[in-house]
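Below, subunit A partners subunit B and then partners subunit C, in two separate complexes.
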Partner chain A sequence: MSVSQETIETVAGLEKYKHGFVTDIEQEFAPKGLNADIVRFISEKKGEPEWMLEWRLAAFERWLAMEEPTWAKVDYTPVDYQDLHYYAAPRTKAKPKSLDEIDPEILATYEKLGIPLKEQMVLAGVEGAPKYAVDAVFDSVSVVTTFREELAKSGVIFMSMSEALREHPELVKKYLGSVVPVSDNYFAALNSAVFSDGSFVYIPPGVRCPMELSTYFRINAENTGQFERTLIIADKGAYVSYLEGCTAPMRDENQLHAAVVELVALEDAEIKYSTVQNWWPGDPVTGKGGIYNFVTKRADCRGDRSKVSWTQVETGSAVTWKYPSCILKGEGSVGEFYSIAITNGRQQADTGTKMIHLGANTRSRIIAKGVSAGKSVSTYRGLVSAHPKAKGARNFTQCDSLLIGKECAAHTVPYVEARNGSAQFEHEATTTRLSEDQLFYAMQRGLSQEEAVQLLVNGFVREVLQELPMEFAVEAQKLVAISLEGSVG
Partner chain B sequence: MNAPVRLDLRDASTFPTRRVEDWKWSDLKRFLREAPAVSPAIVVAPGGPFAALGGQEIAFGNGLTVDAASEARFEGAGVLRLRFVSDAQSTGHQASATVVVPAGAELLVLESYEGAGSAYASNVGLTFEVGEGARLTRVVLLEEPEDVISVSVADVTVAPHARYEHTVLASGAKLQRHETRVNHPGHGASVRLDGLYVLAGSRHADLTTVVDHQGVGGVTSQLTKGVVADSARGVFQGRIVVDRGADQTDARMGHHALILSDKAEIDAKPELEIYADDVSCAHGNTIGALDENALFYARARGVPEHEARVMLTQAFLGEVTDRIEHEGAREAAQAWLAERLEALL
Partner chain C sequence: MLKIDNLQVSVADKPILKGLSLDVPAGEVHAVMGPNGAGKSTLGYTLAGRNGYEVTAGTASLNGEDLLALEPNERAAKGLFLSFQYPLEIPGVPALTFVRTALNAQRKARGEGEVSAPEFLKLVKQKAKELRIDFDMLKRPLNVGFSGGEKKRMEVLQMALLEPKLLILDETDSGLDIDALRIVSEGVNALRAPDRSMLVITHYQRLLDYIRPDKVHVLAAGRIVASGGPELALELERTGYDRYAAEAA
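After this line comes the complex of A and B, so read on.
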């Protein structure tokens, strides 16, 4: 397909949020509201061990005592936590043995999502499909996990959290909550109490995970907050690349998403975590109906020379509140954060990272690109800190914001705390608008204004796109274009 | 956004804690739990650190002028030496002053905080009004004992085509906070906000600025540099706000600091808050040790290590004092820096 043809099709597809559809399958709900009984209900439904229930109840107690944070530069209708379902599971007849047994509606849902990750081909068992392991999360319960056997050969454990609780309780017990404690923040406590499911990954020592692991999140049922819990452990010398992609159907009511992602990297291990987030951003004019994305993501570089790299492309959600962070504990450990946050319409994104240097010679790098258009607000908020023992810590931070339109806003709020004499921190930030000269040049070469903007914005965020795995980068590039639809002219 | 803290030493409920975001790194409540007793009146001899530069003088002694007023007002041009002299033991005092520069006039304010005694708390509130086409240069010298609390907050209103420039020279205290809030009208007005901190022992200095660009075509240039040794702590908080419609704003902010000890700390928060799209705003922030290569180079050329350190540090920090246009004020600032560095290194 020629580039221009592709552009035309992309633009044609912009008319409507293409992932805004609803799949009708039978759902099993917990009653609305949140109390200790609901927590017990969820735990029981999932057949969890007693310690897990205790853990959840303790988190719930903590949550009750906490207050919703208000420091972020976002403004939204408060969430009524008693008006949500905290559990919704699709009814499956029995445990599916093969893909054929999966509800065709679910498979059709994947089809409608397009093939950003080629997961469908994998799910459909197409020959020659690339090796991706998919843990599909369909409204809270993992429906199918493919490629598990192949992964098992190399000793990689990749399964849903509920399965992991049954099959590897010792690993879950050891690491769950060890990076993000239950009382870490309001939304993490809520998640700890009611998380429905999520992914669990364990890479044994010295193993380089043979394929990219990927989860497909979808929020489907009306009024169900989704509380994912992801735990990835890379043991000594292991490597894993994990992809997370998100789409959600169009909805009138605000949907809450409060996930927790914990990464643990032991000695010499490396984790690469990539996210493309494209949730329903709400009505572009009124801002009504979008997803609230209040996520806690944190990596613990526990071992010496370990490395964690976060890459995110945030184009969706009405409100985003997300700070993937790295605790650089191990000597010589490395943390990286590459982010693109694009807001349009009435979207609000308050996102950034924390790089906490605890160990000697730890290094971190932050590249954050924010693009605001329409009436949106985009904020970079970050912390870089070096503790007294973090001798020789180094950080480089670059945050650039691009403004498109008179009514949008872009903020940069970096915190830097240096507590020893050998730390070296560099930070630079710029805020500018799209260059008229460049626009003129591109349009003079025959591009429409919209195409010219897309071209320039893609150039602006290129540094980050390059960090994404190839397949994701292609999808992300299109997303960038889609997100900016209607922002000029 | 939280409203700015209005500190009143007589009312402990106005004392900010570190939970107040803008005071996160300067936890006043930790050092001052209750309202201190009022400091006794003292007699201040005329002069002060800027005496050689002449001009008129307004001096406060423990918060009171010669006429026993806790407020003063000045309107005019030329040179004004605004002195806040403290000499007290474990008591507190506060003062306020308003300085107006009439349209088209030019004023140099030499503001000094001179302390003696110990453990006192001083709180100063200032208001500056710079008239249309006027120019105000403010050089602030903070020289106080190591165990005192000193807070000074200035509200600056600038008219179109006016210039406001300040340079703050801080040597720290137990808690020393120098805050400036500027209403920037754009329309040909320009603002320069510079700062310098040289901290030793367990001293703390906090240089905080907020510039709110409210009109088209405003220019702001900001450069703060510092050096901390021993277990001292330097804090820089700079916020540049560009309101909706304040297009063609050009704002630059830089904060660069050296840490000389593993127990010292530097905290920085250079913020941009932008609501207009046709702007050019940038900030840079670097924190690190003295460049070992440069030091090695100097020593290889035969410069003794101590001298090389002083030379390099002075060159690094001197960029700030060099930006003071008034010759006399610049020389006073350079002399202060040289003296402070010699003591520090």
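After this line comes the complex of A and C, so read on.
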């Protein structure tokens, strides 16, 4: 079956947001509000070493002195940081040793989401799919990480951040905050103070990670912020492909998600990081509820000839503020950013990337596809810069926006700075409205209006979909279709 | 097969078709000729159900079924195929995907099962060969960067795969050189069948040397002003449309 045909059929059988259910389990919360005691509470809950607590407290101090950024083209009710829980966890003792010890409600949740927590299961029921290791983060904690033993055989460390702090403190200490410093920005400082869990990955020198790694983030609890922290290190000559997925229940209140992701690629290492973000976008008509997705993602291409690719499919969240970036330090290092940002209803997305060329002969490539429908607003914001030492730096940027209907908007804000004469930067941008002619042509051949829109949009974003691991490309294609349901009326 | 009675159509409140009547029985090929601005393309778009073509009076039916009440895709599923004068480019969607999606959408609308991938591929390969379309071209996004001739051959390939009951060819010869015209016409002629009708809309007689019509109608100022056999087309080639245009005005 062709993928687009499958998309159409799958969509026909789906509700609009199938992840919007709430899991009813007993949870343990930190009291609402944020102060030094809450930071201590979180650190203690996790049994962290003293240096980690100090690091957090220092971050908290910095955060207090900072102001929330307002430059993004998004408009939202301000977050009351004292009215949130900063820690919510299913009520269990220690981390369960096997699946049998996990609350069945949580298992059922992941099953419903199509996430395989049993190692014999395959992802999303895709037959013949390769093995995927999954770290499942439920609100503030990681509930299970699969395939750990098998991965350990090749020396790959894949575990939750809390466990990494206990089992590999020297690695965490060495790299944590080395890409995104505590004081980098308001949300990064907040995250540094209160982050609860996330994934930790270390690929030893020369190892090609034998399977795809993924983390699945689920926000369940009410009035709770999710602050995850992910750290991936690919040592010399290592390779890893990592994927994150995100969903949340439909709630009327906004929920805050402020994550920090740090990637470190040493000499000749390669990291491929893909995101399929499907947080609850809020009510399409009233705009009520939905996730505030304020995320800092950055990769440090530290080693020569290292390479990092960001691929993101952003369909959810009420408000998105996110710029996965690459610092191209190593000579000849390569950064890539492939993005699909789809907004519908009342969604607002301000997203893009930064490619900072520091080393000689560094190269970067940006392909950003924005699709706006309904009354949504989508902004691409990008920075490409070449520093004096980045001789021969090259960038190619292509930004395409597709508008569906008459009430949406798309903006492109590219910043380009070349501080040496040998840098070559190319920028292409287009904005088009979904063409009536194309729609009619497809409908004349038998496609319904909805099917025609899906086919055309999938065609528009195809270049980026192709960058995703195969199983996720199918998943993402479905998401694209679902997100745009009812966008043409 | 196709019955049009007193069809009146406005575009942006401007009347274009002003009482057009036409019958195309099953198995026949009819040509509609006329000067620029007579309403030839409007006729094709109206029958296919394009937005903005407002029917103010009259009827049009296909095998007794009211066409005008249907959505464009429903008309397609009933067997109406409009070959575009300028086929659209569909970026990012491989031709194969496009046609297969269309075919299955039509089959689904008719309550028929899907065509399996191997079955479909076999069919496509055979038809593509007949139309001298390189199979690799079908893996490329539909019509993107295709020449005029390639686009028209893709249209014929789609006809051959979708097997419509009524084929409307809108200025199919435009932008074609002689060789391409011959290939396209052969493809169309191969689709002639007792249960299939064709409406060939054209400005020039040239196309009718290749696709021979059973009847020729002259469309001028929104009406059929003359009908006859193939000889009418030859006469028009000699005398031009001026006479009819003057009569209709």
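We take it that the second predicted complex is superposed on the first by the 454 of 489 C-alpha atoms of A that agree within 3 Å, B and C clash if a C-alpha of one lies under 4 Å from a C-alpha of the other, contacts with A are read in each partner's own complex, and residues count from 1 in each chain.
Criterion: a contact is a pair of C-beta atoms (placed from the backbone, for glycine too) under 8 Å apart; a residue touches a chain by one contact, two chains touch by 3 or more.
What you see is a predicted model, and the numbers here were worked out from it, not measured in a lab.
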Touching partner for A:Leu447 - first (subunit B), second (subunit C), both, neither: second
Subunit B versus subunit C as contact partner of A:Gln438, first or second or both or neither: second
Contacts of A:Met161 with subunit B and subunit C, given as first, second, both or neither: neither
Which superposed partner A:Asn458 touches (first subunit B, second subunit C, both, neither): second
Which of subunit B and subunit C A:Ile404 touches, first, second, both or neither: first
First (subunit B), second (subunit C), both or neither touched by A:Val240: neither
Subunit B contact footprint on subunit A (complex, rising order): 71, 388, 391, 401, 403-433
Subunit A contact footprint on subunit B (complex, rising order): 21, 244-245, 259-289
Residues of subunit C touching subunit A in the complex: 48-51, 71-73, 75-77, 81-82, 84, 87-93, 96-106, 109, 114, 117, 141, 158, 162
Complex interface listing, subunit A residues touching subunit C: 1-5, 8, 435-438, 440-449, 451-452, 455-456, 458-463
